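One chain, chain A, links the two complexes that follow: it is found with chain B in the first and with chain C in the second.
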Partner chain A sequence: MTEPHMALSVLTKLNSLSGGLFLLTAFGIIAMRQVLASLNLFVFQSILLAASACLLGFQHGSIHLFAVAGITLMTKSILIPFLLRRTLNQEVYARREISQVLNIPTSLLIAVALTIFAYFLSSPLLSGVVEPSVKFNLPIGMAGLLLGAYVVMVRREAVPQVIGILSMENGAFFASVSIAPDLPLIAELAAAFDVLIIAVVMGLLTRRIHERVGTTDVGRMTSLKEE
Partner chain B sequence: MTNRIVFNVIQVLVVMTFAPLIKGVLNRLKENIQSKRGPSIFQPYRDIWKLFHKDEVISEQSSWIFRFTPYVVFVTPIFVALLIPVLTGYPLFFAFMGDMLGGGFILALGGFFATLAAVDTANPYGPMGASRTRMVGFLAEPVFMIVFFTVSFVAGSTIPYIVHKHWVTPLANFFEPSHVLLMLAFLMLIIAEGGRIPVDNPSGHFELAMIDESKGLEYSGRGAALMKWGGSMKFFVLLCIFLNVLVAPWGLAQGEALAEVLLAVPLVLLKIFLFVLLLVVIESSFAKLRLFRITEFLGAAFVTSVAAMITRLLEI
Partner chain C sequence: MELIYILVIPAVTAGLSLVPTRRKFAPALTTLGSLVILILSLTVAFRAARGMEEVAIRNWISCDSLGALVLLLVAFVGFTAAIFSWGYIEKSASAGNQRKIRRYYALYNLFLWSMLAVPILSQVALVWIAVELTTLLSVFLVSFENTPEALEAAWKYVVLTCMGAAFALLGILILYWGMNVSASGPFTWAGLVMASTQISPVLLKAAFLFILIGFGTKAGLVPLHTWLPDAHSQAPSPVCALLSGIETTVVLYTILRLLPILQAAPSIHVETWFMVFGLLSVGTAAFLLIQVKDYKRLFAFSTVEHMGIILVAAGLGSSAAQYGATFQMVSHALSKSFCFFAAGSTLLSVGTRDITAVRGLIRTSPVAAVALMVGGLAIAGAPPFTVFLSEFSILKAGLASGNYLVTGLLALFIIIAFCGVLFPINRMVFGKPTELVSRTTVATTSIVTLVLAAIPVILLGLYLPGPLHELLRLAAASLGR
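Let's look at the complex of A and B:
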């Protein structure tokens, strides 16, 4: 085996490893009982996304992917957690247990089923693809998307739902960095700021809800009536 | 051929000799991390020695199972030690008697008898601990299955000697996501099966909270010594399966010379020591889970092992 080929295979393996851990953090966000723990897992997930973008950027020689990695690190692993902690201080720290619709083992089994579904969903798309990174990143990204959506459905409270939406976005990016290595930077920037603004707006909205109602348990809000 | 039989016997002797030492080191380090001095690392040997010299009391109500069990618990890890790579990277004389699944079954046999014996004397704490151990056991079972399935899927074999070569040839295989996730899942399994802290507190003395320990409460004298020794050997064997088969074959003897095999003893012990350090950190930084939270812990292990399998599917 020649030297560059060897290095390439190590890169591919490392990319797959970040993919595997990405999937694991997506499961973890579902399984965690505490708001702070799921927020930390989200940060870790974003770091893994950035790592995958860096590795793919190195592989393709594409400067755009490094920019993607940089923006991801800045917004998702530093700014958004900072903002969420800042605006929703006691929601993040004081809540010990998130109330959810289903219990955690059931959620985990559904998550496994969703992942297998994502695998079958993406397999016809991948039938002609030979590049290993695409074959790996697309199903994992799709699984991340579905699992994030599941978090939004199953959690009854606002902050974990925001984390679910953000991790959905992570999943979409995880797939897109492999499919489109030369994604225009402007699109990436726009998306990143979009996410940031979503986080800020949701954070402020949640804070308002908390001030008015005294809880962010949005699952119970259907019982409120208009005056 | 005689060489390989001798090495196999050496392997068993190493497991028998050093298993209590690992327990001792683990206990000592756990106390040290709480800034206490802790018992000597040779304390488990002294305990076993003391118990062998004490009288044995056996309830009149108990059946032959109660008397028979300590021997089964003592012998099953020895059988497994014949099958797995403890010191050598190549198969020894008895290695082809069974694969990893076979080893798992033999270990499960010991657990089965320990459970029966706990129920046998009708001591109120025994059956309670036994039913809890079964609960942890049947939750751990699917994880074991998926782990072994994935291992055989990745390496194309369930013979441990073929599996452990696969992870490092070429070295890039070590970073395979399925490998890393498998290690994680098996680590959680070792914690559950070995009765370590997030699942069970091995040094607790409160019978109502016990899971693993309360099964041996009725034993005294020689029976208790054999149960203790067998338990620590089972732990040692599990660590060997984890470190030598699932993590990497580093430190194992590759040649057929006696000196090389003997050199592998300190290397393998060093590897186990490093893992024990990790285990001590885990045990000291987590609290014991409530009984019904164990489902979540093992559910997480199950999901991890399934993720290992899925990532393997994606790579083909």
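Let's look at the complex of A and C:
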């Protein structure tokens, strides 16, 4: 075995490791009862996304992906958690969220099913692809997207729903670092900015709901519906 | 160059609207800014009607015929809604304080800016961002009245459409991947159409489905439409006109852009997908229309119906049907914004959104009553209004292309929706009033808006100007390969 080949396979393995942990954090966000714990897991997930971007950037020799990693770390693991922590008021901070729509073991089973579905969806796309990073990142990114959507649907509190949406975007970007490594930087920058606006807008809206309605249990707001 | 101005003006007026000075400053500035944008868009549209593509920055900012058509609609409704805001926001109960009014106009300009950006941008990744921004910048306009219902509607709106946007993002990234693996060229709408034959059909299909789910959520296509009637009924009426009249159209435009790209791979049957989703939307909306108790929700469901009609028309495939689709986009945007101006005037004079509580409007508020009746007739598709002509041309094209089942179902649903819209409005306008209510007046700016917005709704039903016909024809041609 030649030297560069070794390095490449080590990079691929490290990327696989970050991918596996990424999926694990997506499951973790579903399983956590405390709002703060799922926020911390989201931060960890974003760091793993940045790690994967760095590793693939090293592999492709692309400055782009390093920039993506930098932007991700800056927005998703520093700015957004800071904003969301400010949104969480003292009352929600330590409270366990008991009022999920489904209990956690059932949720985890559904999450497993969703992950298998993501692999099923991406397998036709991957026929003929030789790059190991694409083979690895695309299904995991897709699973991250679906699991995030699931979090939004079963959580009733406002902030966990925001975390669900942001982790959906993480999933899409986890796929993107492998399938679109040279997306124009302006698009990456705008997307990062966009994610930041999501956090700001939803955070402000949560506060306003808390002021006006007295709760952030948005799942119980059901006055608008068809009779 | 016009395109750059169109992008710069709303951003500037948004900033200036926040300046704390005279009371009339922010609304006057917004109206003036949107008037300038309308004039600039008209020049762009005239040039596009002669077959010239407007290019400001190649592969980034440019505008072809379909883009120019949507741009013109956004600019027109943006202008009329700005005038309507003037009287409405002043009068609406909660907006006593000036800071709140200034914030409204700042957000209004930003929202308009994001919607103008969608047809102007040609880089697809940036289009995604612009569509996402249309949601994020309009959330606080939806929740402007700060009632628990408005906040609930805003929350549903932002959560569902952001979820959709994440799906659409993955779809667009897959398109980019397909483009990079097997073809080359710029990642623009035109570049994608050129390269689409080389992209593997599997990738095209996956990208299409993700984008259809994602942007379909925001356009209000049926299984994912649940947020739409809430947001479109709780927002202040001028904002409703923007949301219902053009925001949905703008998002549907991005879905229609996929049509020529997807037709490169006949195995996907993109036309069938369009027709199925379209009919599902039209049918569900037609039956939901019947049981609605709130007249703003009535118009919101009618938006879902019209989005479905446009999608079916685009899916019918013949060039006549695609002409019908673009015509329907125009007539829907114009009529629906007019309907919401009428609903807004009604709401201001009666103070309730409940259909059963409003009777004999013609006696208490004749202006609002006439507007509501005209709006109802126009949007339901009665002659001589423009929706009648566009729906008629779609049905004719459907029969000519031999899709009897689809056309028959479409006609049936349109008739059900016609009754669903007109019965309640008829009762509101001509019904016997239960109690004596004093006459109320409508703000002058509202009357001005109603007249301005009614002109194209009636005129285009009688006569289609040459340049507009040419623009529609070119835009329809760009929907086919």
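In this text, the second predicted complex is superposed on the first by the 217 of 227 C-alpha atoms of A that agree within 3 Å, B and C clash if a C-alpha of one lies under 4 Å from a C-alpha of the other, contacts with A are read in each partner's own complex, and residues count from 1 in each chain.
FYI, a contact is a pair of C-beta atoms (placed from the backbone, for glycine too) under 8 Å apart; a residue touches a chain by one contact, two chains touch by 3 or more.
The shown structure was predicted, so the numbers you read here are calculated from the model rather than taken from an experiment.
Superpose on chain A as described above, then tell me if chain B and chain C fit or clash.
In the superposition, chain B and chain C stay clear of each other.
If we overlay the two complexes on their shared chain A, which of chain B and chain C does A:197 touch? Say first, second, both or neither.
Only chain C; A:197 stays clear of chain B.
Does the superposition put A:179 against chain B (first), chain C (second), both, or neither?
After superposing on A, A:179 lies in contact with chain C but is clear of chain B.
Could you look at A:121 and tell me whether it touches chain B, chain C, both or neither (first, second, both, neither)?
Second partner only.
Would you check which partner chain A:79 touches, where first means chain B only, second means chain C only, and both and neither mean what they say?
In the superposition, A:79 touches no partner, neither chain B nor chain C.
Which partner chains sit in contact with A:14 here, chain B, chain C, both or neither? Use first/second/both/neither.
first
Where does A:102 make contact in the superposed view: on chain B (first), on chain C (second), on both, or on neither?
Neither chain B nor chain C is touched by A:102.
Report for A:136: first if it touches chain B alone, second if chain C alone, otherwise both or neither.
Once the two structures are laid over each other on A, A:136 reaches chain B alone.
Report the partner of chain A that touches more of its residues: chain B or chain C.
C
How many degrees, to the nearest 10, separate the directions from chain A's C-alpha centre towards those of chain B and chain C?
Given the fit on chain A C-alpha atoms, the answer is 150 degrees.
For A:27, is the partner it touches chain B (first), chain C (second), both, or none of the two (neither)?
The answer is first: A:27 touches chain B but not chain C.
Could you grab the smallest C-alpha gap between chain B and chain C in the overlay, to the nearest Å?
In the combined three-chain model, chain B comes within 18 Å of chain C at the C-alpha level.
What part of chain A is in contact with chain C in the complex they form?
Touch list, chain A to chain C: 121, 124-125, 127-128, 141-142, 145, 148-149, 152, 158, 161, 165, 168-169, 171-172, 175-176, 179-180, 182-184, 186-187, 190-191, 194, 197-198, 201-202, 204-205, 208-209, 212-213, 218, 221-224, 226-227.
Which chain A residues qualify as touching chain B in the complex?
1, 6, 9-10, 12-14, 16-17, 19-21, 23-24, 27-28, 31, 104-105, 108-109, 111-112, 115-116, 119, 132, 135-136, 139-140
Given the complex with chain A, which residues does chain C contribute to the contact?
Where chain C meets chain A, its residues are 123, 125-126, 129, 132-133, 136, 139-140, 143, 146-149, 151-156, 158-159, 162-163, 166-167, 169-170, 173-174, 176-177, 180, 187, 200, 202-203, 206, 229-230, 233-234, 288, 291-293.
Would you tell me which residues of chain B are touching chain A in their complex?
170-173, 175-178, 180-181, 184, 295-296, 299-300, 302-304, 306-308, 310-311, 313-315
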